[in-house]
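Below are two complexes that have chain A in common, paired first with chain B and then with chain C.
On to the complex of A and B.
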């Protein structure tokens, strides 16, 4: 299954949002891949791969998940990308 | 993304490639790489640049895994887009999620007014480094020229 999400955090898929994204992708029993518009999907559980996408705030990404917890993984990742970064 | 990426040849010149072993501690290594950018007149305010680099590490590590560290900052203290490269024989603990010590180090510095240039460079560099053969070639390169060629080719 897959889902297209607009990246809300100001940093884009970079710095803390990227770290959280990769951590979250690693938490589920699912194979998760992520693609920036039109590009080939890359391993969402790899920081290097996610950084390579160069996704800025406001860009769309497509997340593809397969496996037992695919839906839960997509839900968590969508929420993360849809939430502006708060002061932490 | 609409910003044009600066030419890699102007961003990573031979004088920005370091063959000496960097310090084994992450912070000392960051200072070591920054010093090269300062010595080559690409950074006007060392302290401000260091502060920006460390603030970025504080937010989330730039140890992106597969033995790569990409400390980076966008700052007024930087006069033009710059990549400093060094290798570590021993590896440096960069707090990477895959827990692999960083052996290939790229410091990326861009001026504050660079807009998305920052993300673009980071993205191109990361994309190049995802290839196993590029990382191998960087480890095996025996001269600054060989390193320069490998990076230039991989990013082009």
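On to the complex of A and C.
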């Protein structure tokens, strides 16, 4: 299953939001990949891969998850990306 | 061989043992940098071993990062500390770990594999703008850390140094020094550290010539240089002259006495070793110790995730007893707090840790469980010890504290009895470290088998002066009359209360003070192993009546200069 989300945090998918994103993706029993608009999806468990996407605030990303907890992982990641950093 | 005088260079530091040694310089941590030698033939590389090395390096990197994160959070702030979290994440990043593992499986050594795995991501980030480019620096940091740990910090190397090595290092951690083999290491010198650093204590225990605190100049010494380490003068000499070399090779002209010694008139004085790791037991035996007068147990609890269980401790205490089949082993129960933090124990920041919750204060409080487990192991070890095991409690300040500790011993004994386990009640004693304990020594002596004076802490507390603080370090002198009188009072209380009295501070290991200490009436002197031969020799030359006269003159002195003068005059 997949979901497209608009990235709210000011830093985009860098620094702390990216770290949080990778951490969350790793928490679930699911294979999670993430793609920036039109690019190939990368491993969401890799901080390097995620930050290399160069996603800025306001960009859309597509998250693809497979596995037992795919839905829960998507919910958590969507929540994270929809929340301004100060509240996260 | 004629030494070229011009080539001789001398660096100053703090000498930590009265020994000198010459050897070939080996750098423990090369000065950083990521220039690696060409990788060997893939056929000669064991991928499994390389994977293990990589995993170990990551574990150590993670530990370092956690420590640095904490320090940064304390000193600078949470925001700045967050960078270490990012570094930690890179360590476990699948893009890196997969890359390294794939290269290792192709027969590439771990350090080269690390370098390769980081190449692409670094290049990718470096080519971006702003924040992204900074990531490249973070990645370089993590890469260099791993490579340093894989090349310089290789644990295996320390245990397998070539014979005649003079080890040079920025600093040596407790686990580093524990691996040093005194037969192979001719000496070591570190840029950091002071007389009381772990490395210094260890050097004295194992009788390794050592100089610490040399500073950044140490890095000017090239690997493979011919180096003399003079622990007496506190100098590190590159390309020493033949004179200097000869003096170092001459060593000490003091005989090692394996048998217990007596004064000229036949009074027995036990000479024992202070030991803080199992590795030091051998050094103690070799220097002719009669037993262990201070077995610090903190090492059992350091550098690990959780406390050791009863069985593990039992084994360690048994090993100490085995090392001295005819000698006494005095174990001090866990003394944490002060400057000895242990990661898995909750130790809230104290305004003044040395006046805070440490030693028995913790054992009777937050660490009651650990105390009980330790006592169980000690009582069980005592069953096989033929009465040679003794247990003492650190930082006692009041009689009720001692009574609570003794009651815990009783209740542990009852538990062991009920469980039908073999045990014995060991000799029990108190460390005299607080002024309160010295003033109450008569009360304490009535309740225990022995007293042991810890002069380092006693001096610090009596004089209210830390020796770590240069501005007041002169006050931290055990020859201050107040300290001498506290020792005299303790010794007298011991005699009256039928408790033997020992000393396990640095003062006990100074052969110039042996006569004074014998005169003050001490029954046992325990020290870093290295000076045992000198102290035994000093005892054998001491006449008890002369010593007692010296002691009474010292007790009556009103300044430390006067005490010192009495000692100097008798030593003439």
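Criterion: the second predicted complex is superposed on the first by the 86 of 88 C-alpha atoms of A that agree within 3 Å, B and C clash if a C-alpha of one lies under 4 Å from a C-alpha of the other, contacts with A are read in each partner's own complex, and residues count from 1 in each chain.
Convention: contacts are C-beta pairs under 8 Å (C-beta built on N, C-alpha and C of every residue); 3 or more make two chains touch, one makes a residue touch a chain.
If you're wondering where the values come from, they're calculated on a predicted model, not measured in any experiment.
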**Item:** Which superposed partner A:1 touches (first chain B, second chain C, both, neither)
**Value:** neither
**Message:** Quick check on the superposed pair: does A:16 touch chain B, chain C, both, or neither? Answer first, second, both or neither.
**Reply:** both
**Message:** Is A:46 touching anything from chain B or chain C once the two structures are fitted on A? First, second, both or neither.
**Reply:** both
**Asked** Between chain B (first) and chain C (second), which does A:56 come into contact with in this model arrangement: first, second, both, or neither?
**Response** first
**Prompt:** Can you pull the chain A residues that chain B and chain C both touch?
**Reply:** 14-16, 19, 22-23, 46-49, 51-52, 54
**Prompt:** In the complex of these two chains, what residues of chain B are touching chain A?
**Reply:** 1, 56, 59-61, 63-66, 68, 70, 96-97, 116, 119-120, 122-124, 126-127, 129-130
**Partner chain C, residues of chain A touching it in the complex** = 11, 14-16, 19, 22-23, 43, 45-49, 51-52, 54
**Item:** chain A to chain B touching residues, read off their complex
**Value:** 12, 14-16, 18-19, 22-23, 26, 42, 46-49, 51-54, 56
**Asked** Where on chain C is chain A touching in the complex?
**Response** 82, 85-86, 89-90, 93-96, 121, 124-125, 128, 131-132, 135, 139
